[in-house]
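As written, the chain order gives the labels A, B and C, with residue 1 at the start of each chain.
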Amino acid sequence: MDKVLEVKDLEVSFFTHAGEVKAVRGVNFEVRKGETLAIVGESGSGKSVTTQSIMKLIPMPPGKFVGGSILFEGQDLVHKSDREMESIRGKEIGMIFQDPMTSLNPTMKVGRQIVEGLMKHEKISQSDAKKRAIELLDKVGIPMPDKRANQYPHEFSGGMRQRAMIAIALATKPKLLIADEPTTALDVTIQAQILELMNELQEEFGTSIIFITHDLGVVANVADRVAVMYAGQIIETGTVDEIFYNPKHPYTWGLLSSMPDLTNEEEELTAIPGSPPDLVNPPKGDAFALRSAYAMKIDFEYEPPMFQVSDTHFAKTWLLHRDAPKVEPPPIVQKRIQYFREKKQGKGEPNGSR
Amino acid sequence: MFIYILKRLFFMIISLLVIVTATFGLMRAAPGGPFTGEKELPPAIQANLNAFYGLDQPWYKQYFDYLVSIAQWDFGPSFTYKGQTVNDLINNGFPVSFYLGMEAILVAVAVGILLGTIAALKHNEWQDYGAMIIAVLGISVPSFIIASVFQYFLAMKLGLFPVARWDSFMHSVLPALALATTPMAFIARLTRSSMLEVLSNDYIRTAKSKGLSKNVIILRHTIRNALLPVVSYMGPLISAILTGSFIIEKIFGIPGLGMHFVTSITNRDYTTIMGVTVFFSILLLVSILLVDIAYGLIDPRIQIAGKKGD
Amino acid sequence: MSKQHINIDDIPIESLELVDVRADDAEKITRPSLSFWKDVWMRFRKNKLALSGVVLLILLLFMAIFGPMMTPYNYYENNLEAVNEAPSAEHWFGTDNLGRDLFTRVWEGARISLFIGFSAAVIDLFIGVIWGGIAGFRGGRLDEIMMRAADILWAVPYLLLVILLMVVLEPGLTTMIIAMTITGWINMARIVRGQVLQLKNQEFVLASQTLGAKTNRIMNKHLIPNTMGPILITMTLTIPNAIFTEAFLSYLGLGVPAPLASWGTMASEGLPAMRYFPWRLFFPATFISLTIFAFNVIGDGLRDALDPKLRK
């Protein structure tokens, strides 16, 4: 499969009064055609900065590319001018944001907000663009699209607005869609509908998706592969099955154990203690060590490399060193891994990969 | 929409009643006022006053008659000018004040929005600091000082404009500029902060993610939304221009209603003060109502037609 | 910086032992949490313009207190032998048309202008907090009536009402302050009410209500500290407004009566003499402007410092 996007050693910093905030510290990943990559992490882990860097939506200054490259279909976006980016944004790469409430212009009709992007990138007349906008609204499941196109965002419900956002993002059939926590602000039932819609449209258009979320529960339903981010770095990456059945990094264990709504059984959720490190002065060694129950002396001296677990599975923890003590994930994580396996067998379909 | 306007009209009339009543009550209490007869007046004026206010009648009759006259757009005689009514003063003076005021509003709005937009787009650069220093100065220096300084330097020293009087367009330039300075500074600050707020909104990022160019984003998505608070400033703007005109007209010797009002204050011409105050109040309340209705029409988020008619 | 690479095979085996660090060290990495006001002060301090406003204001207050004592003159005594003198070693700011020392009068005027400003702000605050606090906290019908009344009064054009009052009532400081506060409090009342309404339903207030705290206690302990920010901003912007209005009224001949001198009266007396004795306008005008400038930038600085949206 060919790569749509390849991010290499990306480093992005914000230069503030307090000093250089190293928000992204050497990130590597790739997105292949038609697949969905989920980037998971706490807020402040750098996942949004990473994806907004791809679109060059980071305000500069204070933001700055410190190093690395972003290859989109072989072209490095880091060195593109604003002008050149305009023909990529919205045409080649579309984006959906977290809060549909604030992501649409409140004083512009929804139809017009779709038409706008179409007219910019395709040579079509106003009336044709309008027709296309109505078709798109219909496609994303908005009833009475011709009437809805003439309404303002405040006349839409939250789920409808997110559907409209998807229509905007997919209007020009982009090769890559970046969805930045697209369901976080929505009700659970609507979340499911939006995810299903995204899956359908992905199959139809063959779009690759980068799906950002802090919620591992959502990941299982949408992603092919998962990258877990912590403190501006990817600390574990693998297929959905690998991350869910065979997680290796203590931080991933922490995320798995703090995941709500998995089972009907009553069980405690364990929050990860502490908070992400200050990225002005990132800690020496393993950034997660101070919050980890499995920290070793070396974690405070040297940053771990990416250890290979399988062809597709990598994790950045000294625990994978051949001389490291063999530790098992905490019981709650083991229990959950067990649960995923049972669910998968019971349903007879893989949980997450389609 | 209709119900909303009716409701607003109702409260406007109550406010007007409060103003008229307060004016009437204060004038009755004024020493040497029209109702006390402490002052020696020329017989002709005394006769006018008697005819209009019915000074031999009890106070509630006077009050009621006064309300009726106001409703009939009759503001009564002048206390000090023989044969002049307040209506004459308004008819002579208001067109002049209106012309001057409109010119000042145009300058204030145009320059204010321009300065504010530049400052917001060049946030934290020298253009921003420059525009905001101008704005803070405009707010900090009282208009009579600005007017005098303009008059002194631009008219007397440099001779670029006439010093005073009201004959041609050139005569109106300096007064209009002086009158516009303070509201212009307010508008510039308002535009700037509102632009910055809009620019930080998520939908600007959405617009950017569609690939729209910077200029399109500013014109189509930013300025329009940023100007909504400026529209709601139009009410206070009109009132600032109005009160500003008292001073500016006096300094530049412009025969507008503002100057008549100031003269009537100096002469303690109570009936004129009373009549012009009521006239100004009506003018302001009506303009503010119109501005609010306009605002409701411009901003789609405000549904004054709907059930939330408040 | 943290990227120090080591050959995987060189790692000494003992450094691969588990250590328990979480309990004591986990909290160290979080940024020290600042109290709200400390945080506000930190941000305010970074705003150089606002800080210069504070310095300016302190200087002005200092001179208002001690300025008149620095000269052998007083503000009311005429000296017809030294009329309209330019600034000199004898008269630092020159003299006016009655030979009064302008330096003394300017700082005497500062007292009056600042007194008017501060009194107006304090009275506004007093009425506004009571009115808005009660309306917001009680809510319901009472709130409706109180705020409607305020709306109607608010619609009365402020300066016209002030002029009317000044024309009719006996001229003087008290009259002026009454005239300014008669509708000035409404703004404060609205802000207080809005804040109270917003806070009233927040968890911590509901919590203390369920714990049986008395209304007074809730108001004092929770609401008032939380509404301080917007109130402070409004007050800082009321003061320059009052000083402005005072100057305006003085210009209309409705200022404080002679021989009292406010900046407004001095400036309007100096205006006609601008061509020949510019210092008579220059000094009072400059200090009015500086004072209003100081309050405005302090108000702006406070607003920026208090706005949690900008908190990063």
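The rule is short, and it goes like this: a contact is a pair of C-beta atoms (placed from the backbone, for glycine too) under 8 Å apart; a residue touches a chain by one contact, two chains touch by 3 or more.
Worth saying up front: this structure is predicted, and the values here are computed from it rather than measured.
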Applying the document's contact definition, name the chain pair with more C-beta pairs in contact, B-C or A-B.
B-C
Using C-alpha centres only, name the chain that sits farthest from chain C.
A
With chain centres defined as C-alpha means, what is the inter-centre distance between chain A and chain C in Å?
47
Cα centroid separation, chain B vs chain C, in Å, comes to 25
Please tell me the distance, in whole Å, between the geometric centres of chain A and chain B computed from their C-alpha atoms.
54
Would you give the residues of chain B that are in contact with at least 2 other chains, written as numbers and ranges?
none
Chain C residues touching chain A - in the complex, by the definition given at the top
1-6, 8, 11, 13-22, 25-31, 46, 312
With touch defined as at the start, can you tell me which chain C residues reach chain B in the complex?
151-153, 155-161, 163-165, 167-168, 240, 244, 247-248, 251-254, 264, 267-268, 271, 274-275, 281, 285, 288-290, 292-293, 296-297
In their shared complex, chain A is touched by residues of chain B numbered 201-203, 205-214, 216, 220-221, 224-225, 228, 299-301
Which of the residues in chain B end up touching chain C in this complex?
11-12, 14-15, 18-19, 22-23, 26-27, 29-30, 33, 136-137, 139-142, 144-145, 148, 152, 156, 239, 242-243, 246-247, 251, 262, 265-266, 268, 270, 273, 277, 280-281, 284-285, 288
Within the complex, which stretch of chain A touches chain B?
55, 57, 82-83, 85-91, 94-95, 97, 99, 102-108, 113, 116-117, 120-121, 152, 154, 165, 168-169
